[in-house]
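In what comes next, chain A is part of two complexes: it sits with chain B in the first one and with chain C in the second one.
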Partner chain A sequence: MCNSCAFYHFAAVFLSLNHLLHGYEKKGDIERAKSEGKELTKEEKQRLRKEKKQQKKSKEKKDDKVIQESGKETRGDSSAASPPQPSSQSTAQKAPSAVPPPVSVPAPEAPTPADKPAKSKAELKAERRARQEAERASKQSKKGDPGPQGAVSKSKAATNELQPVVKRLPEHIQVDNPDVLKKLAKKLERQQTPGQNSAKKIPLRLDYGYKVSLFSHLHQYSRKAPLTQQLSIPSTVIHPAIVRLGLQYSQGIVAGSNARSVALLHAFKQVIRDYTTPPNEELSRDLVNRLKPYISFLNQCRPLSASMGNAIKYVKKEISNIPSQCKEEEAKHKLLKCIECYIKDKIILAATAIAESSIEKISDGDVILIYGCSSLVNHILCEALEKNRKFRVIVVDSRPRLEGREALRRLVQRGISCTYVLISAVSYILPEVSKVFLGAHALLANGYVMSRVGTSQIALVAKAFNVPVLVCCETYKFCERVQTDSFVSNELDDPDDLIVTRNGHTQLENWQQEPSLGLLNLVYDVTPPDFVDLVITELGMIPCTSVPVVLRVKNVDQ
Partner chain B sequence: MNEEELVEYFRAQMRKDPDMASAVAAIRTLLEFLKRDKGETILGLRESLTWATACLKGEDSSVAVSSGGELFLRFISLTSLEHQDLSRCKKVMEERGELFLEKISMSRNKVAKLCHTFIKDGAKILTHSYSRVVLRVLEKAAAEKKRFSVYVTESQPDAAGRQMAEALKKLNVPVTVVLDAAVGYVLEKVDLVIVGAEGVVESGGIINKIGTYQMALCSKAHNKPFYVVAESFKFVRLYPLNQQDVPDKFKVRLTSFVCFYFNNFPSLYPDLLTCASCPAQYKADTLKSIRNLSEEHPVIDYTPPSLITLLFTDLGVLTPSAVSDELIKLYL
Partner chain C sequence: MELQAVLMAAGGGSRMTDLTYNTPKPMLPVGNKPLMWYPLNLLERVGFEEVIVITTKEVQKMMSTDSRMKRDIKMKMEVVCVPEDGDMGTADALRHIQQKIKTDILVVSCDLITDVALHEVVDLFRAHNATLAMLMSKAHEFTETVPGQKGKKRTAEQRDFVGVDQSGKRLLFMANEADLEDGLSVRKSIIRKHPRMHIKTGLVDAHLYCLKKAVVDFLTENKSISSIRGELVPYLVRKQFSKTPNSQKVKEDLEDQTQKKNDCSTNHELLISSRDEPLLQLAQERSCWNDHRGDMSEAYHGGKLRCYVHIMEQGLCYRVNTLAAYIEANRQAPKLFEEPPVHPSAVISERCQVGSDSIIGERCQIAEKTSIKRSTIGISSNVKEKVKVTNSIVMHSVTIEEGCNIQGSVICSNAIIGRGADLKYCLVGNGQRIEPEAERTNEVIVGTDQLMEI
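Coming up: the complex of A and B.
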């Protein structure tokens, strides 16, 4: 592990070393390559690439000494390529195709071979490499990249380039793998317009505190160290609206699936308004590339939600579909309209439709249990009150977020009679309850419901008491992912939130000093479809198992 | 065609062929209504068809009539109404209506063909109340020279189970009538349970004669397969969460209910007059009091999809979760 740290430090210092991927090259080759000052034609480069791959397959690992030595050399070949850089680590997953994460092309388009002679003019080479990358990036974005984290999954392709690309785990759930971290750092550094000073890169947010072993594959950030502190001012890489948004996310000012998506789309609208196409560039390609660093930045501030992912996919698709003859003003106007339509259709109108269907299910005299603060469920209850249904609400809340208080405040303001309990009292209160209404963060393709942590607990207890559980979810939150447990992909919040001061005592103040103590602050959990009786979407009321049908119908529509 | 003619035609259809499902009779009536309609516009036509369906629902408030009527409407209006000429449009609609009717007349046979293979030689079958579809299935199985015996529940309040037993005796199938309360007792001897359905709801559950839910619960406890046979026109866009959530209009079958109570407790209903062949006539205020009682004694109940093993329909053999898929295809 210390090897990687040392190496990482080197990377930070030697900024031309923005290639933290593993390649296997003999030290001799590197030096030889450096000494020659030739340029190669494309064909020769390709041949050399193939040779290099062959060599790599039969290479051994290198040790520290070589890293340091090679680190001291001025690297002519920067970025894109798999640098002639020995790595002290070797894990089983080492792929010979050391392709940078955003460019998730399989092995054949692998980096230039290490024994390609270094250019005497490092900048020209960097420029050419950056252009190549931009091309690859645009090609890849046209393929419908499902967001920054999905990108890396294809980079660890099978060794044999002819084999079909094997899908690997996305990088955001491989935090305990140092190589993946290196890749991420490298990718962040790369995401800037070419030729810029690398001081203006997107910083990598570091994990904070001890992570419980079952969840060590996830990021855990501290709210006290927002990403924006590491940004230089002025930062021209990231649009100020996005910086503000990132800060709002990481501090929890904007929270909740719908709120985050709407805020994201508004920020994108601002970005599009302020955008001007650089000369000799197409709007459809360049704008997508512009958005990439923003998305990485936002991802660092707080991992993207499924709804945000779908929204981003939609925006990218709309941008790539802009015809090239379109004038810039017209194109921008069109994009703004598209985004507004998306918000209106998928979020606002959907909420109205869902409220209408849900009101049928609320009868007079009902006792409804809700959990946390879901904007959709609150909307439904307020609409039901407008339609003069007589019911009362039980709000269940849990630490550390205590979001139920917000829901309680909103409902009481409208005049709905409410009861407030903590989640530990749920089995006590359930015999009184006639229905449970839950919101969802996302609905997975196998029918599982991903929602705030504690939701599956409530659904379980409700099932045991035979109380119907209704989940309300717009269709834009449906995602293709499949998950059967809450461990494999989740979000870890700031562990310091669990520290509480009562009567002047703060027990867990020095939790970091305790070697065997870990604080776990999970954000999401998944509920199996057996516990959910009904899902209300704007398409109608469907059983939980019909989510893939809806996804299929939606794909056919598009 | 006004309301009385409509209702009279419907009743005539029911009398003509007692074996026909009430939904089929309703659809025949609607087709006849369409033919005789003198409307001038397409929209007017649709409205009058909707009105006609509502009339029929008032006459026979079963789930099947309501779902059949809706499906008929959808089926004929799926035709592209590009024809400018109203009469041509009507002709197309009538043709489609006839086609629809033909399809659903075949549906019972299709279901029987699918289901009889699940009845093995020497099987003991439990069924509930009188269902013409189940009868058809058992007929087909008997025709395939399978030997099986049947237990039928008496199914109060109208003792329809006895009717089923009579029909089965005619097929030379050994049949035993059991009390509704004896379902748990008899289930250990039984190999499989087959019931019909008045309606199949979106979740994959069914609405059927009261007592079906109990039977399903007991078969789940005994791990016996619980099969449902239903034609596709019985699929309805309802999603009940529990027994209470089923709309009240389906729960009351005024005629049969009144018959039972009147026959057994005539002193309770001094305001009722009756004649031999037609259902009891009643005064408006008595009607209300009967309604209150009937909320405690509904004629149908809801069986959730978790208790059903398979559904046999003319669309194929479906699991309860596939019903939603089919409904999405039918309605969306």
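Coming up: the complex of A and C.
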């Protein structure tokens, strides 16, 4: 036997010995408990179960290791990994009794094997088991402080990328599952702002109307039932700026990805300004907890957009990066500055950069087609006019939002000559068009473009006519989600928006009484990257499939 | 803190002096609760925890002795007394408490009885960042006969003309008939911005206003404004459409310029912008929303001062400032609360008929063979045998001797109705005695000292 194999063998024997030793110790405890009091507590029962599992696994491991060592080549890193493994396993056994030390021990040790694929199956299993025990132990202890444990478990999850982690579906696309709804209600109850009595909690907004079955897993709210009717009027649970923002979202006064993010950051600035650290708390942790109920509230008023999600992540990261010895005034000042910088860099300067790149693509005599009202595309066209490009614009619009009218107003006010059509006429008008500029709500990690419903139609028809489609999008709207269809994750708007009154008649007034009639008011759809020719971002003009690269670069930067 | 509540309870009740010469208006019993209980209950139900009550010393004394106020109202009431004699208008009162006001305010009048969903008004205030949001309701005709009214001739109530936009929420125009001489004139600037305006009459102003803090600061500067409803609200509504300082399209001569300078200074206070105004501006620019369409201007026509109104179509909304309103409110108010109509401590003998829509107060004593229909009997009142009370309001500590017949009347506190009296559509003032076997119809019976007051 070669040296390494001998070492493995020794390690395996050590492992099994350790197991048996500890197993006997614990067994002794349990025997004692059994003889003393006849009932085994829940903890001890679980411990028993664990012992049995471990013994089974150690037997399997021994077999595995024997097989592996005969087949594998030497890997220096793995040998370094295996001695820490027994210690982690032994500490993991003590997990039920003392949670923080053993949980932290595997975490720093896990990154040491730099060669991730080199981990043997046994080590993977051991780490998984350690994590399970840690989670079980944390569930047994009180739910008071999930913060540090959550952070630690998250760091573990991040480092163990190869772990087959079961990704749970987000709650907002599981509305037809009553268990998930109950969980959401409980989560809102728990998320009351600290220090308030339990009567004041974030209200739960109820769904409205019959939902079309394909989309019954999404929320559908009515604009006439705002969330504020369940809140007290001088709102104490939620900061007034956030209540105002939620109202503006749900009534559509602030609409559009950029506008919503800017308004959100403005409201966060006010929250931070009015915030005072309670005694015995740290700003970096307490402020993040303070923001959680506000975010749930905003989510219920209107589901968060990808840009808002990224902005929130940034703000939370900045808050938690505040050093603990920083004074409150200084910390607040720093946070406000960070938010201002974020807006300046990611929204305002990005728009300028994108406009500059896009103007190169606009030549004299162009006929440009735009859809709906995208603030970025409007900005680009106005800038192009300033640079004395000669072009005309065709604005395509669709019901029920009819946002194109607002885009039309803004362009005509500047002096651009425009044509206005509804989306049903797009194939009629396309032979005249030389380029299509589209805005995006989010760019997904597989290159799909999520934008207002109707965009994919326009891209499809444009592709059929061989007209180039350019999507303009800032990088802060890039999101790590992957979607290939518009069903899985979408937003359902108020179905009553589809009802129209003409000549005093409202045909769909009693649509709820018709048993087989459902009104569907979708907000977003996804466009495949085959239909998009170019994505213009502030980092340059990239093809749609390079979005994951940008995401990766962004993550490395941060 | 988002909103501070201010309750105006210093009013005199000038339109129903017969009722108020002894009891101040805020403490008049309606459904056996003092009148100011209703707006306080509304504020408490909605979630207010503190309220500033502006009232007179007399009312403050009565408030502290009234058990119902102490028991039912859990909010913290900060009472500010103002002198009784002065012509202190509501705006003057706001100026008086300017030091206590730290945020936007919600001003309520003490004589408002309503079951409005208050979030409708406040949501308008919040969502549109409005300077003023108020509540109005469709007026109901009062059907009950009012005691003391001679015939059907009603004094012509001065009508209010209220102009709202297409959506029915934005307040464009407000004028009272008394101020208009020969016609209703609407400024061209309003018509240009809002070509479709609905002008409504027949609306009752509930005197419930959400005002921005900047307005209170503005009031301290401009001491000429003394009434909120009479002067401040029309002023704000007019100012929505006044020319802003940075309109470059209008050519002005020097005179106009100086006038505009004065306007600018007043405008400046009202338009005190919040911090981070550029961010809000950016969000509004990027947002694809507009409150109107058809012209080239941005949302709200670029105006920073906005007034909104919520018009209630259904539901109760009464302002108890006339006798007719008082009677009507007594009929409808029981619907607002769920207390049993007959108080448990009232002693009612078995052989009397008490209708289901009657309210009997605490410690009343109703003797046998009485019939009480559609009426309110106040606290500690004593109704002897064989009395018929129909459609009437009997206040506290009234004694009604045997055999009386009271119909459609209002009997104020501490009155004594003699035996066998027959009162139809009468108003008996405070502490009056009606001699036995009297027959009065459609009369206002008050003390002689009261007759001297005008």
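Definition applied: the second predicted complex is superposed on the first by the 389 of 558 C-alpha atoms of A that agree within 3 Å, B and C clash if a C-alpha of one lies under 4 Å from a C-alpha of the other, contacts with A are read in each partner's own complex, and residues count from 1 in each chain.
Here is the rule we go by: a contact is a pair of C-beta atoms (placed from the backbone, for glycine too) under 8 Å apart; a residue touches a chain by one contact, two chains touch by 3 or more.
Nothing here was measured: the structure is a model prediction, and the numbers come from that model.
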With the two complexes overlaid on their shared chain, look at chain A and say whether chain B and chain C clash or fit.
-> fit
Who does A:254 touch here: chain B (first), chain C (second), both, or neither?
-> second
Have a look at where A:300 lands relative to chain B and chain C in the superposition and call it first, second, both or neither.
-> neither
Looking at the overlay, what does A:243 touch: chain B (first), chain C (second), both, or neither?
-> second
Which holds for A:174: it touches chain B only (first), chain C only (second), both, or neither?
-> neither
Greater residue coverage of chain A in the superposed arrangement, chain B or chain C | C
Figure out whether A:229 sits in contact with chain B (first) or chain C (second), or with both, or with neither.
-> second
Can A:405 be said to touch chain B (first), chain C (second), both, or neither?
-> second
Once the two complexes are aligned on their shared chain, state how close chain B comes to chain C by Cα atoms, in whole Å.
-> 28
Which chain A residues come up in both lists, the one for chain B and the one for chain C?
-> none
The answer for chain C against chain A in the complex is residues 1-5, 46-49, 106, 117-119, 122-123, 126-129, 275-276, 279-280, 282-290, 293, 296
What residues on chain A touch chain B, complex-wise?
-> 361, 363, 435, 466, 468, 470, 533-534, 539-543, 545-546, 549-550, 553
So in the complex, which bits of chain A are touching chain C?
-> 226, 228-229, 231-236, 240, 243-244, 247-248, 251-256, 258-260, 262-263, 265-266, 269-270, 273, 343, 348, 372-373, 375, 403, 405-407, 409, 412-413
Within the complex, which stretch of chain B touches chain A?
-> 202-204, 237, 239, 241-242, 244-245, 305, 321, 324-325, 328, 332
